[in-house]
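Should a chain be cited, it is by its letter among A, B and C, assigned in written order, with residues numbered from 1 in that chain.
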């Protein structure tokens, strides 16, 4: 059984601690992740901006990198969902289309894999803090990862989950949107962190480092000491502490 | 008012959005109302139950009708004519205007009372009527207010969403010639009295059309105020302007639309009035129009037919739920979109109706692609994906930004080769030393200018995940637990199911 | 009003133009859909509400309770009355209470023998379209009370349905300040669909010019999303469930 890690650019370059948490947590369940070294980016920045030729180049790299994997796990609902766009990218290429469909069928976001495949909801963690959760749009709305993170957090000892007002609203990241429409994006992220601050939570947790980088960046800009982390990090830290 | 119906100033969405973002009142007003409408919709959908089944049903009915639009539209036209309606076909806005003016001239009309119609906004019909000396009076309360203000609607359902009661009191006081208190009852009371007279003296009543029933030739209107009923009951002549895609096959199908539309628009179980008008008054009747016209308008709609990426746009039932759900709309309001239709549906519909993506420059960029519009849509139109298609088509038309194109080429070169990718990460780790302070980057220069106006950018850690992988891998392999046999067999079953075509997990988007 | 000959010939000219244009307009659609024109009714497997919904029906008492709750939630008033005589007394009482001076009612058999006129001696009473010389829209517009008997009602949405005819003016349920709707209980259904299906069954030739579903008083939330009642249509609506 070959379970491969699709690390994603952000977790590779900026947030290696997220990948590490996933790897070490899954090892507890006998899953030895592999890291195909030829993987790069899912291609979403190019795809969403309309540069499909360029997106196809990225997509081909990813498809090749995971061709022989049985399961592909990533720490991002958004990058996982990008894989669901691959069939559309290759709709005129029957060979690649078939491969794209195969990859789509075996691609899982981290909590999806943990809950749906491993059947784990209680990782035996302890995390005595007030936490609020931002469900990222692509993961929750488009990929449909809604219950999994909540099930996992419910069973963390000491964790107090405070509902985030308007939780389902986009944080304003949107990839190149944050650069091209920086003022609209700025208004959105400011509103999102306002809601986070309203909860008085010590920790903001999520499943997508892009969104979390966005919100964390705004909180830091405003000198607000809210700790921002990926759920994998929280669980792993909680397991170590338990 | 410019030719595109823009009054918010600024040539681009970005500039108009900036104006809106700096208008604190507008932002608050729009936020307040959209939040209420959105909550109302969510409660109504939950209360009704099986919402996704209803959405799917609505989608299927719309898909079916549009896929057979030649049959159903033809049937509708024949039936409406058999009911005594004068049916007209207009390929373009200009043609629809010409037909309407011709009818107004022959009716020797001095005044036209109108109930809310987005199609007439699309045609700029009021302006055209005024040019031939016919007074066009909007009778929906919100429309009346923005007509006095000389503006266009900023929301499909709540046209004056961007105005508060004080601004409205000022407009209506000027209209009344006396000071009216900024009290909703007082203001609405004034409009009721004023428009009562207008209804009774008007020569023509003009409406849009929510749905047109092919099998009976009936047109259906949803409203809360009673003004659409006034307009279709009192004047001698009725003109209805309908988009060619408003068709549904039967009254049975109307039940599904009547379930989806009011709940999605305002959270109501049904609007206060739902009227089915089948032809002009019967000879023996003592009210209703003596003469009834229906103008069927294309104006770019048929361009979506046969286009697999955009045909579903014609399924739209104009409920406004996507506006209320959209985090971008909430911050910038409707006028920033610069067209008749605003919000996510406007961002797609405006360029699609004109097939001139490039001229609408950045309208498709004004979205974070969060998918809230799709989730809110009662007929499941994938607007978030259509926005990407629009961006792609703009590039295909050779109207992309040269610098961005160069950047994307570089992106592809890096991302198609892991070695190059690793080299770039390394370069970043070294290069950032110039700008990193205290583990973060705050400089507002170059590409980071907009981002860092609202945020601190994190610095790259010393070693990337890959750079740490070798050690990590050795450690985990060394202390690896045995896998639970039950889990192992489940994983094997999943792989087997997938190979036999049973498996694979779908997505919601 | 008979239209002038000139007007009629202009309309005939428009219709000829429209028929000529129709063929090309519709063919254009077929062309864009990249197939020959569809001329036979296509199979429509998704017609109407989902199947689970079509079987849904409340027992009478529940229909009454839900109708009342929904109608009230929309800002309307409801009363449950045992007989038409009780309805007459209720309406007369309200007319006296609100000092109604002008009253208009439909020319419906259920109302004709009821003696409403005698029960409201202080009001000027008109019966819709009972005199071809009368300006009926003006009579309805000046009325304080409009009285109609509903053709249908739906509990699930709290709606009444009124159909127009020679004897049933559209104005009577629209122009007066107060609307009184009498609903005989046997006309109260659960779902909208039970009513709508009758219009499909009746077919085009048998439909009235106006079919109106009314679900409470006229309202608007166009000013700051603040609910205002009685914007253009009746601001006070009573649904009287009789039987």
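Here is the rule we use: a contact is a pair of C-beta atoms (placed from the backbone, for glycine too) under 8 Å apart; a residue touches a chain by one contact, two chains touch by 3 or more.
Keep in mind the model is a prediction, meaning the values are calculated, not measured.
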Discussion item. Testing understanding: with touching defined as stated, what is the shape of the graph linking the protein chains, line, ring, star, complete or other?
Written reply: line
Practice prompt. Kindly work out which chain lies most centrally, taking the average of its C-alpha atoms as its position.
Written response: B
Discussion item. So the centre of each chain is just the mean of its C-alpha atoms; given that, what is the distance between chain A and chain C in Å?
Written reply: 53
Fill in: Gap in Å, rounded to a whole number, between the CA centres of chain B and chain A
29
Worksheet, complete the sentence: Cα centroid separation, chain B vs chain C, in Å, comes to 30
Worksheet, complete the sentence: Multi-chain contacts in chain B, i.e. residues touching at least two other chains, fall at none
Worksheet item: Which bits of chain C are touching chain B when the two form their complex?
Response: 1, 3, 7, 10-11, 14-15, 18, 21-22, 25-30, 32-34, 37-42, 44-50, 52, 70, 74, 128-129, 136-138, 140-141, 156-159, 164-166, 169-171, 174, 191-193, 196-197, 199-200, 203-204, 207-226, 228, 230-234
Response to the item:
Given the complex, residues on chain A that touch chain B span 1, 7, 11-17, 19-20, 23-24, 27-33, 35, 37-41, 43, 45-55, 57-58, 60-61, 70-71, 81, 84, 101, 104-106, 108, 112, 116-119, 137-138, 141-144, 168-170, 172-191, 213-214, 216-218, 220-221
Worksheet item: Touching chain C in the complex: which residues of chain B?
Response: 29, 32-33, 36-37, 50, 53-54, 57, 60-61, 64, 67-71, 73-74, 77, 79, 81-83, 86-89, 91, 102, 106, 139-142, 145, 158-160, 164-165, 168, 184-185, 187-188, 191-192, 195-196, 199-200, 215-218, 224-227, 229-230, 232-234, 236, 244, 249-256, 258-259, 266, 268-282, 284-288, 290-291, 296, 298, 302-303, 305-306
Discussion item. Touching residues of chain B toward chain A in the complex: what are they?
Written reply: 13-14, 17-18, 21, 27, 327-328, 331-332, 362, 365-372, 374-375, 384, 388, 390-395, 400, 404-405, 408-409, 411-412, 414-418, 421, 425, 428, 440, 442, 447, 449-458, 460-461, 463-469, 472-473, 476-477, 479-484, 486-488, 490-492, 494-495, 498, 503-505, 507-509
